[in-house]
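I have a structure I would like to understand better, so I am pasting it below and will then ask my questions one at a time.
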Amino acid sequence: MNIIHLILGLFLAGIAAYGIGRLKPAAASWLTLAASWAALLILFLGGDTLAGGNAWGLLAFKMTPLGWFFSMTLLFVYSTNTFFNLSVPAAPTRQAAYPMLYLISLASTIGVFSAENWLALFIFWEIVLWSSTFMIGFGKPGRGSIIYFGMSLLGSFMMLFAILVMGTAYQTFEVKGALMAAAQSPGPALLVFLLMLFSAMVKLGITPFHIWMPEAYHEAPDHFAPVLAGGLSKLGAFTALMVTSFLPASTLMAQPWQVRGLPLLTYILLTVSAVSIVIGTLMAIKQEDAKKLLAYSSVANSGYIMIGMLMGTPMSVSGALVHLLAHALATTVTFMVMAAVARQTGTTRMDELGGLLHRMPITFLAFLTAILSLVGLPPMLGFVSKWLILQSLASQGLFLVAAAAIFGSIGSLLYAFRILSTVFLGQLKPKHRQVREAPAVLLIPLLLLSGVTLVLGIYPYGLVQYTAKIENSLGFADTVQITGLSIQGNNGNLNALLIMGAFAIGFLIALGIFLKAPKSRKVDLMDTYTGGEFIYSPELYSYSTNFFAPLERVYAGLPEISRLYEALANRVRDLGTLVQYLFFSPLPSRTALLISVVTILLIWGEAI
Amino acid sequence: MSEVKLFFGPQHPGMHGNASVHLYVEGDLVKKARLVPGMLHRGFEKSMENHTWMGNLALIPRVCVAEPDINEMVFAQGLETIAEVEIPERAHYIRMVIMEMTRILAHMMSLGALASPTGLYTANQWMQADRNNIQDLFEAITGHRIYHMYIVPGGVRKELPQGIETRILDFFTEFERRMPEYHALIFENPTIQARLKDNIMLPEFVVWELGVTGIGMRSAVGKPYDVRKVTPYARYDKVDFEVPVATYSDAYTRSVMKYYEIKESIRIIRQAFDMMPQGKVNVKIAPGNALKWTLPKGQTYSAVESARGEFGYYIVSDGKTQPYRIAVRGASFPQGFLGVERYMPGVRLDDAPLWYDTMGICTPEIDR
Amino acid sequence: MPKKERPSRFHPVSHTMQTVEVPTEKISPQEQAEAWEKIAHYFRANSLWMLNYCTGCCAIELPLVMTSQYDMERLGMMPMATPRQADILLVTGYASLKTLRRLIYTYEQMGTPKYVVAFGPCAVNGGIYHDAYAVLNRLDLYLPVDLYIAGCMPKPEAVMNGFKRLIELIESGQATGWKDYERRFDWYKSNQLEAVGEVYIHDEFHE
Amino acid sequence: MTNSMNNVKAPLLAQIGALFPEVRLKKDRDREITFEVQPRDLHQVLTYLKNAGWRQLSMISCVDWIEDGQFELVYNVFDWTQGLRVLLSMKIDRGEAQAMTIINLFDGAMYYEREIHEFFGVVFLGNEDALKSLFLERWDDIPPLRKDFDSRAYSDKKYVKRFYDPVYGPQGGASFERS
Amino acid sequence: MNALQSIGTGLGMALFGWLLQTTISGVTRKVIARIQKRRGPVWYQNFRDIMKLLNKRSVTHGWAFDFGLLVALAGAIGTAMFMPVAGIVAFKGFDNFFMIIYLAALGVFGRALSSGSSGNPLATIGVMRGLTQNIGYKVPYMLLVIALISYYRTSSISEIVELQRVSGWSVLVMPLGFVVAFISLHGMLGKKPFDTYLAPAEIASGPLVEYGGKQLGILMIAHELSVFIEVSLFVNLFLGGGATLPEFLLKYAFIYILSSSLGAVMGRFRIEQVVRFYYKVPIALTIVQILMLAVMRGGVR
């Protein structure tokens, strides 16, 4: 069993799923589930020493620790999400296509992470892009998939261009080799670096490339949004980490200007990521739709991942990798919960929801875990990663970036509370009195993912140890250190188990006090303080719209950033339309035009 | 649902008095607001018809608890107008002293009440302490702290006690010495200024639209539209006093004007004691037993300047021993109802109690 | 507070004390609970939080009681914002029908033990409003009153005295109006129903 | 004082007399003039007064002349610059108590009219809001300020009175049981 | 055995913190009473309040209502266990600043969760205001502390205290920063003008609106503990902690009573004024301070 078998097997399963899906949709969903879990099992058992392979000379695959880490993350997200495919049937006409696309994109992500060759990587990258575009299109009608496609295509072009530049300049398409060659000879390395990072930033949703995220997440089918948010955006992190570690910014110029010991270019990119955190946070705070809010939180969290990678210290990279996992798990859970909520109530608008805690307690617990992890509070995994990143920021003395990181970290409390309070807390609406807990198939993945978040948050040592291994494989001189149960930081130690222990002791004391005191009387939600007055409609007694109005007003007067985005979005949509015009047209002449454009690009690349 | 319904009162720390404002709030902006009165409705106007003219004396101060003496004054004045009797000169001056002391009490109450919406509780502590001193003075004069029943039709109930003049003047001298302290605490406080200045505006056209009187009117119109000046009663035309006016009516202006009115009231009290002649303090407005008095047929509207504006009774007598009808015009009726309905929407939720407070709304006189 | 032997520190009012005899060997849970209740009474009596609700005109003297001149915080009393937090409900004077509906709702929202203090004659028999169409005459039919404070309106001294008396009553475990309300709940409810009718109130927004 | 007011009053009286022949001077006090107006003249008189400086509506009150079968509505306007109050007294039929609203002239009349509707049952045509209840909640009798409403009887019927035990023992006074 | 000893010390620290802060808030109530020209309650009034509340029967709005409170108290106790006081530290080497801030934030989140689940919009508005305010004061404060950490090259509180003993208090290192941190502390303690999130007159004590009885009691304990954490963190970071307990107590009491007394003579800001204020003054001062530090000491690094 090697990687090629795995990928091929998944491809074949996808095609089979299509065939079966035409006849019996449910069976196709089960096939998806079986195939993805089998793949997860194989990959887990195989470990990062899973045999690589070489197909037709060009498509060479080899599992690296980094690739394994990413593959496991994505496979876990994909395979837990297959439970959702069981319970939420896609639209009838697309019943068959959806499992196929799902499995093909899954196979392709493994391909991306294990490809030894830039061209192979690019091909799989494109397959992921195309299949996911179609899957987004299965959701609500809107411009989401077009924007997604337009933005991603922009990223793909940049990546392809960079690959071709590397191919022509260094005569190699090998993933590691090409980058290391670039690091040796500056020349076009700057171009490669920037293009590669930009394409990664598009995928990660760093400003100013983030505009596709809220639209696409909002419109994607509820059962695909978790994969899109938790899984696919991590593709960008993969290439970004490859580039920053094999082609560090310090090698790009002979004597780069330095800011706080970092090359100016890195510093600028760090600032961009910091801006991404701030904008993501601010935008998340003011969203009225739960899925859009979560999408903007992804923008902010991608900023953290990017910062960790760009700083390039062992701690920060480790932090970025842990954060990546934490974010993947947590975001998947949040989107899954939103899918469950949408399935049970039919909406994800926050002002129409409320009080679901009393109807869907298990979903709520999973959501709470995920939200705590997103905010970065102990004892969840998100805390470990934020601790690592803040530690390295503090020791680097990057105050501007640190300010943004802190802002994002505290701001995340705001939007986390907003979504928690408007969806699960507050008054239960009368029309939701009959809502039931989500079915068991939906609860399994939720509990699985949130359980992993919690367990890894309490005991992160194995994970951090593995990131040290990844750092080793990426050629870091020193790696993040763990002695016993404490993660050694630059200026402090972290013992997650101890924190959990202290918290648990505190909880026991609190519980003791609580149980010793007289028992409380349970009252209805509407039996609440009204100043002595009478109110009978819960809809009127729940606060959900314009939630952070006083804060929103403070930054409402800032320069019209949203106007700029709108203009940008229009351009991108135009690009999408153009692409549609080029690709989806019956006229062969247009295809010829496209080919000529690509050719011109290639020739231009040659010239460089 | 985008709007939230919130209740500001009756059981609410920001609500002084037993009334409720129902608010519809979106974000932190008030969208709709209505005063819901009636929690203090006792049916005064009906009860008054069931009591004799003098029997009503016990009832009327209870119309407005924050400033009871104005009720006695309008009642006495109205009855004197209907009966067409002149009361002794000395009584006029004593009445002025009482009225101004009540005004000071009411203004201090509302300055102290600023503490609640703005959070400056120390102001309330200090103000209430001095209010207590003034109430002690009232107790010495009238025998009661709140409901004095001192201003009666035909004058005042009894002669001032011995030595009260020096006691009152001494107190106010001492009080004036302390007043800059209050000014520093409240009006020079940057946090209070941040809350009050340029906030909760009352433009002139709103004054005319609603019919706001008192400080609200004078702070916007810029003319001394004070009942004491425009239609002088008692002997306000004899004493020399200023009425603070302004043309920019924000919450700060309205509050600081109360401070200056307190100063003017102290001036009036001093002059009243200076100019007070000796002599009788009351006359009978009708012959016979006070509980069987009858008044001639007639109707009149009697108004005085209360701390919140024009306070009036419309009194109808049908020549019997009991009033035929007494209608009360609460001074804060216009801003309390139409003001809340029309102009509270648009303020922030944070400022809703401040709006209610600085507009000078007194619930008992609205409810009656 | 006079210092006596240990248990009576929490019990200055002695006549209930003598009946309690602490057995030397095993203490049954029942007795344990009772002993604990006595200690709890001490804390309840010395930390009375009153509800910030001025139902009538007697409330005008309350600010004086709360502030510098009389300073009820000396007794451990504080005004509290909502009924959930509060221990005492002050019915300051007359209660109109419209108020009574809110009063009952507010009282039922308070956590036990809770105490009701009524001010002035209006709460006793309607006072000067005995014949008014909007004011009810007897408060104790609708809510269990633990203490009446006389005066129209009660002077701050009277109010302070009243509070002091309430503290004594609580410390000696005699302020049991809330237990009475629980025991005779149906009786109170029927009285309330008779006076205020079914409480289903809509304002002019129609909710 | 009376002299000083005469130069204000005289033109007013003359003008009113000239413009509205049916308006009758009812009472002329020092700073208060009462006119008796017919319902059909009310708006015109008020408009005239408002333009002439009586910009503030102090209050509207109502008197129930039950023996005459009439309600008397008293509109009370005040001129702050001259300090002269004008009361317009208007009689309407008690049986079918209706009057035109004046909220188009004085916005502040809104709640006075509402109050009068609640306490007397007078319907103000054109003021729909006035039909809602204001002070009273779930009121179950005739409007309470009408003369034929007996407050004491209502109170006796509705509220239980305290029965005083004449015997004052050492434990003190009143019976706490229901009478 | 060593671990047990550490845990014992930690629990002792939490208990000490609670006793200390509850006593000092009682004393502070007396001090404020003197400012307001009255006597005030006895110094142990807060203990009586808490005991009374724990003996009162209250209402609950569902399990999250109670669970959030337990999380709040657990977060506060857990954090207090790590706090170094006068050279005593329970878990040496792990009293990390970021850890303390985030664990304390868990308590805040628990409180928010609990009051949000009460179903009262006033509580939600109160939490909204509290969080909005939080974002105002935490950013300058944490930024300053990061500068401090990068100056001392350690994020362990006890080590920072040790280093201050050698090189002088941090106040001398960053005088402007001290001012900013004090303003932030003032906000964290919720003293006026930054008590907008409670604002009894506006939102009827906001998050606390539905609490009574043991819930309020637990909340009060958690509140006292979190005040202990905030103030002693401040004392440790900026005033050199304390070599001996009396020294620490003196500084602690001084800072807390100063902040409370300032609060007694100030009004309350509107929530947007709070946010605007924090984004103008402290952030500007922080940036100036960091630049100053960089210039004076030849770069923070």
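Labels A, B, C, D and E are assigned to the chains in the order they are written; within every chain, residues are numbered from 1.
The rule is short, and it goes like this: a residue touches a chain if its C-beta (ideal position, glycine included) is under 8 Å from a C-beta of that chain, and two chains touch if they have at least 3 such contacts.
Bear in mind that the values here come from a model prediction, so they are computed numbers and not experimental data.
Peer 1: According to the touch definition, list the chains common to the neighbour sets of chain B and chain E.
Peer 2: A, C
Peer 1: Using each chain's Cα centroid, which is most distant from the centroid of chain C?
Peer 2: A
Peer 1: Skim through the chains and flag the pair connected by the most C-beta pairs in contact.
Peer 2: A-E
Peer 1: Relative to chain E, which chain's C-alpha centre is the most remote?
Peer 2: D
Peer 1: Among all chains, which one's averaged Cα position is nearest the averaged Cα position of every protein chain shown?
Peer 2: E
Peer 1: Measuring from the mean C-alpha position of chain C to the mean C-alpha position of chain E, what distance in angstrom results?
Peer 2: The answer is 35 Å.
Peer 1: In angstrom, rounded to a whole number, how far apart do the mean CA points of chain D and chain E lie?
Peer 2: It comes to 59 Å between the two C-alpha centres.
Peer 1: Could you grab the centroid distance between chain B and chain C? Build each centroid from C-alpha atoms only and quote it in angstrom.
Peer 2: The separation of the two C-alpha centroids amounts to 32 Å.
Peer 1: Which residues does chain D have that touch at least 2 chains other than itself?
Peer 2: In chain D, residues 136-137, 144, 149, 151-152 touch at least two other chains, as defined above.
Peer 1: On chain C, where are the residues touching two or more other chains?
Peer 2: 52-53, 67-69, 81-84, 98, 101-102, 106, 109, 131-135, 201, 203-204, 207
Peer 1: If you look at chain B, which of its residues touch at least two other chains?
Peer 2: 4-5, 10-13, 22, 28, 36, 38, 41, 43, 46-47, 50, 125-126, 129, 348
Peer 1: According to the definition already given, which pairs of chains are in contact?
Peer 2: Touching chain pairs, listed by label, come out as A-B, A-C, A-E, B-C, B-D, B-E, C-D, C-E.
Peer 1: Spell out the residues on chain B that touch chain C in their complex, using ranges where they run on.
Peer 2: 5, 10-13, 16-18, 22, 24, 32, 34, 36, 38-43, 46-47, 50, 58-59, 62, 65-66, 109, 112, 124-126, 128-129, 131-132, 135, 145-147, 364
Peer 1: Which chain A residues qualify as touching chain B in the complex?
Peer 2: Residues of chain A touching chain B: 351, 530-533, 535, 539-547, 549-550, 552.
Peer 1: Per the contact definition, I'd like the list of chain B residues that touch chain E in the complex.
Peer 2: 4, 6, 12-14, 28, 116-122, 125-126, 129, 185, 189, 191-192, 194-195, 348-353
Peer 1: Given the complex with chain C, which residues does chain D contribute to the contact?
Peer 2: These residues of chain D touch chain C: 129, 132-133, 136-138, 141, 144, 149, 151-152, 154-155, 158-162, 174, 176, 178.
Peer 1: So in the complex, the part of chain B that touches chain D is made up of which residues?
Peer 2: 37-38, 41, 43, 45-47, 50, 81, 208-211, 213, 223, 225, 230-231, 298-301, 303, 310, 312, 314, 316, 324-325, 327, 329, 333-334, 337-338, 367
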